[in-house]
Amino acid sequence: MALYRLIYVSQAIAGLEYRDLIEILQKSEFNNRRAGVTGMLSFGDSMFLQVLEGSRRAICETYNRILLDPRHTHAELIDFSEIDHRDFAIWSMKVLQLSNQEEVRNIILKYSHTETFSPISMTGLQSLNFLREITELYHKGAMDQ
Amino acid sequence: MALYRLIYVSQAIAGLEYRDLIEILQKSEFNNRRAGVTGMLSFGDSMFLQVLEGSRRAICETYNRILLDPRHTHAELIDFSEIDHRDFAIWSMKVLQLSNQEEVRNIILKYSHTETFSPISMTGLQSLNFLREITELYHKGAMDQ
Amino acid sequence: MALYRLIYVSQAIAGLEYRDLIEILQKSEFNNRRAGVTGMLSFGDSMFLQVLEGSRRAICETYNRILLDPRHTHAELIDFSEIDHRDFAIWSMKVLQLSNQEEVRNIILKYSHTETFSPISMTGLQSLNFLREITELYHKGAMDQ
Amino acid sequence: MALYRLIYVSQAIAGLEYRDLIEILQKSEFNNRRAGVTGMLSFGDSMFLQVLEGSRRAICETYNRILLDPRHTHAELIDFSEIDHRDFAIWSMKVLQLSNQEEVRNIILKYSHTETFSPISMTGLQSLNFLREITELYHKGAMDQ
Amino acid sequence: MALYRLIYVSQAIAGLEYRDLIEILQKSEFNNRRAGVTGMLSFGDSMFLQVLEGSRRAICETYNRILLDPRHTHAELIDFSEIDHRDFAIWSMKVLQLSNQEEVRNIILKYSHTETFSPISMTGLQSLNFLREITELYHKGAMDQ
Amino acid sequence: MALYRLIYVSQAIAGLEYRDLIEILQKSEFNNRRAGVTGMLSFGDSMFLQVLEGSRRAICETYNRILLDPRHTHAELIDFSEIDHRDFAIWSMKVLQLSNQEEVRNIILKYSHTETFSPISMTGLQSLNFLREITELYHKGAMDQ
Amino acid sequence: MALYRLIYVSQAIAGLEYRDLIEILQKSEFNNRRAGVTGMLSFGDSMFLQVLEGSRRAICETYNRILLDPRHTHAELIDFSEIDHRDFAIWSMKVLQLSNQEEVRNIILKYSHTETFSPISMTGLQSLNFLREITELYHKGAMDQ
Amino acid sequence: MALYRLIYVSQAIAGLEYRDLIEILQKSEFNNRRAGVTGMLSFGDSMFLQVLEGSRRAICETYNRILLDPRHTHAELIDFSEIDHRDFAIWSMKVLQLSNQEEVRNIILKYSHTETFSPISMTGLQSLNFLREITELYHKGAMDQ
Amino acid sequence: MALYRLIYVSQAIAGLEYRDLIEILQKSEFNNRRAGVTGMLSFGDSMFLQVLEGSRRAICETYNRILLDPRHTHAELIDFSEIDHRDFAIWSMKVLQLSNQEEVRNIILKYSHTETFSPISMTGLQSLNFLREITELYHKGAMDQ
Amino acid sequence: MALYRLIYVSQAIAGLEYRDLIEILQKSEFNNRRAGVTGMLSFGDSMFLQVLEGSRRAICETYNRILLDPRHTHAELIDFSEIDHRDFAIWSMKVLQLSNQEEVRNIILKYSHTETFSPISMTGLQSLNFLREITELYHKGAMDQ
């Protein structure tokens, strides 16, 4: 009855707009709160990188539902692990947009192949540390949104 | 002649009231002091999560007696380990009620499946870290009681 | 550019018949051979437990396609790990049906909660060792099919 | 949803007879088969040492019920651990009586304080290895019963 | 030619008085300084718990001599280990009496079965950490003597 | 003054023929024997995978010279590690051609993304184990050449 | 309530004869059987090396009594450790005399400074492995006595 | 799809001048930015020590190109490892010249055979720690350039 | 081409005077600087304890030369290990005389058998930690010279 | 009072003949037997590689004496370690000459830079494993002498 973490990457469809993100966020928050799922969704350069935390049952149901969303394609798992505690317990879901801010681009480069956000080139550990470092930047109020 | 720790979860019977908790506490303190048992009892959403520390003999006698108490059912062990030192040496028994305070709910969620207190979904390590973090909140004077 | 292993469990729809399994197998073998995916599918008591091995890209595409198959529901991930080598390199896909044979039931019980095949109660390690032990029984020619 | 193992020791009441053991065995086997509990019960010098394997829920319910049995007293936990697989998957419950056979007494002495069966002096690891070695002796057909 | 640490517990004879302790201390200091033995002796509730550090030869000679002292009985070893450095290098021997001060009783309870000083229930590690924590309390000037 | 191992992959130019391989082999053997370099070169599906063992100086000089050879392109390092002993001490250089033999294709698939020899998809450990397993097949006389 | 092992070395007084050894052995066997102590005593070149196994209480009482025996001097502890099981469970006490047999002298030299039996130069691990190897030689019937 | 680090050492040709370094730097920065390669180049006593970070493909292509540059010879690999994150993410390429400043010479000596910069005598770990310590000195503004 | 550390102890001849130490120091500094050897020499109670760091070749040549010096006898190695970095990089050679200062005697006692400087009773780790702690005292300016 | 192992390499003077080896051997055997030193000396291509085992005192005295022998120069330590038991307990000293036999040359190459015996290029571990493998070849009677 352990907790699990699932991280995946996917590609946004062309023409995805800001209000789509808002809608995704609101729907996620509602569903996740009911299911005890927490996490974070980063978005940049037409790519999504999302982490989900919760019971194995809940995050798998959430992931199965996410896969059906027509606003993204090419979903690929990056990490699926048993965890001792949640890292994102305060967020039912949080969306962070990755701007061209230098600090953001340096964090992207630190954990992947290029400055362009291509989380597909990350390992599980790299994606997790990327998400943690971006979150830290956000909490310091040093991230443009 | 080592020290042991036992953690269990159980379900309170319907209608359990505040004065029941007080009575449980007082009786526990008296029995435990005599037997060298220390620990903590957290209570919320009709569930108990209790940790007992002491000699193997003493905590097993205590647990056997607790199982007979008609005020709870469905007792289930979560952790039973040899330990190097007690974490709750200053308390013969302490009762902490889990309110709907946001900090408390976040700690619950951090270590279990939902915000509702369901310690049955915790592993041994998660229940121990939950109890430590709740205790820390209490000692900082930041916990509503 | 490592290899990955993905294990999931799902529930067969009511009325699934032997010819469905054959069809699943044949389609899987064709798709997997093209994509470099290897693995095994065990089936019993209306539950599937399947392991997929290959590049991260290939097994995720395969899993995404599997999720859309209407012949099963409640798919849940059990394991997703980077691996050093494939365990099932000789099978593009193999289907093993779990009969009521005593040896089979003992292996099920050894790694899960009951004799009824409920892989949902397995951890990642348990499901992997279960699949290995069942495969070994099959290779010894000691498994009824 | 892991598997757990629970080992406890207890003292038989005075006058416990062979037919009591048979009755305990038969009842255990029936209950355990239903609940997916497996294990072994060793008995000697008026002491019981029993191991239970299964889901956390099932072995705790079993243990709670065992504690109420008036035919033994002073039950004390020796081991409670998450396990990867069952060691006693082939036995819903097996009772092994410890005779004064030299091989049996040597195994008792190897893991405890004296030749008299006093499992209360064992650690968790010692009790588990004792049960395994006694089982091995039994399977070799070298144990008097 | 390594350094060793020896810890033992023993029971003071009835009627042991303060001047006996002083005499023990003075004789120990004289002998130990000559032999390169350092350490500490804690005394409370009629029990001694003493640690000796030095060459294997020197601490064994010291221990053999201590065993002959008629002022205590039931000496029992708790720890005998090779060490990288001395923890009590500044004391040829130091006697610390354990009062009923709350801080002292909490440290006793943290590492043993009851608040009464019964070092016989300690493991080697627990006795060492007890002695360190008591020493720390003494150095902070927070210990009644 | 340790030993090192270097493994790289590269792409053969179009039209590379058997006599080119022979020539590469003969030249390598001559150079390597002088420099104390040992190793093995596997070739299949227009790809090379080669391991070099020796002093750091010697294998780097060898690799630098290999890079200039116009018969291959896109050289990429896969492993460069300090080693305790050579695995290929009996070969100054050995060329093994990978046929379409089923055993060979299974070993390729076991350690890489597809049955086509694409060592570029291997990690350092996978390439090393691939080379060891292919060598073992060769020594058993079970490899078509 | 673990098991412990104690190993010590001491020097026999001048003129110790074979019948002294027999007497020591008989008395030890009687005392040890009662106390649940097992072990072995090796004797050679006027030195004793003895291992005792049992409860901490029992082996310390035994050691305290041994120290008072006037037939040896300069007793020095070599090992005192918690153990998982006894190595000498079949012997209440066994005396093995170390002759000048070449196999015996080689085992002595393998674990100490010279061919002369000087266990005082052994570490705890060396003395244990020496005793095990001598015992093995004895069980093979290859040791002169 | 992990990140890799490659460190090599090489010897500058006689007569290499400051403007050559500038040219190397500018060309590297341009190429590396495009390829997602980051790193640092230290130069002193006619020796280069350079670290490259990025995808395996990108740093190997970069290294292959570097080997062809006629301004250095005797290139030798020192480290090639998979890494979790880049250490030099903020630099597409940085050139640091090693002066005779005492702090610089002490860092050289700390990790190699002499005060003269001879990185050829470094192991992979030593070269990495050297580069990190030199970088730290530079960031503190305490390095002459 | 790693770095090594060598520590040895030796006995000064009778009548060694302060100017001998100065001469040893000056000669060492000159030789060591040329050879890339760094280290420290502690002297007290007619004993030397010296650490040498550098290439294996250089510290062995230095040690071979030191052995021929008639001002000391009974040289004995205490430590010879591969190291990642030098601890004494700032000293070609430093001589520290060990006075009767209490802090110095406490450090001696902490790592050896008696207050008299007898490094011959130290293990490799103890001698290294002794030298580090003495150096730290010196750098704090708290050491009498 | 542990055991130690010392391995060194040195260069034989020009013109060293077979009878010199015999003389070295005989003198070594005599001295070593008295001092409790065991070991092996391999000789080939004008290089010596020797291992010494015994008390720290004894092997250092032996090494100091060896260094003064005019029949070799450039002695360099390769390994100096505390050991649990001797590997060469049956030999006071054994001389093995390394011929051009293919098996011997392969073992040399397996652990060093070239087929020519240059133990100076070995690490401590490589030299130890080389000596063990050569000894094994000798014991199988498969080594030309």
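As written, the chains take the letters A, B, C, D, E, F, G, H, I and J, and residue 1 is the first residue of each chain.
Here, a contact is a pair of C-beta atoms (placed from the backbone, for glycine too) under 8 Å apart; a residue touches a chain by one contact, two chains touch by 3 or more.
In this text the structure is predicted, and so the values were computed from the model without any measurement.
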item	value
If a chain touches chain E and chain H alike, it appears here	I
Identified repeat of the C-F interface (over half of residue pairs identical), from E-I, B-D or I-J	E-I
Computed distance of Cα centres, chain D from chain C, in Å	35
Distance from the mean Cα position of chain F to that of chain D, given in whole angstrom	57
Chain A-chain F separation of Cα centroids, rounded to whole Å	41
Of all residues in chain G, the ones touching two or more other chains	1-2, 56, 123
Sites on chain B touched by chain A in the complex	106, 109-115, 120-123, 125-126, 129
Residues of chain D touching chain C in the complex	1-3, 35-36, 38, 54-55, 58, 84-86, 89-90
In the complex, chain D residues that touch chain B	6, 56-57, 60, 63-64, 67, 75-80, 82, 123-124
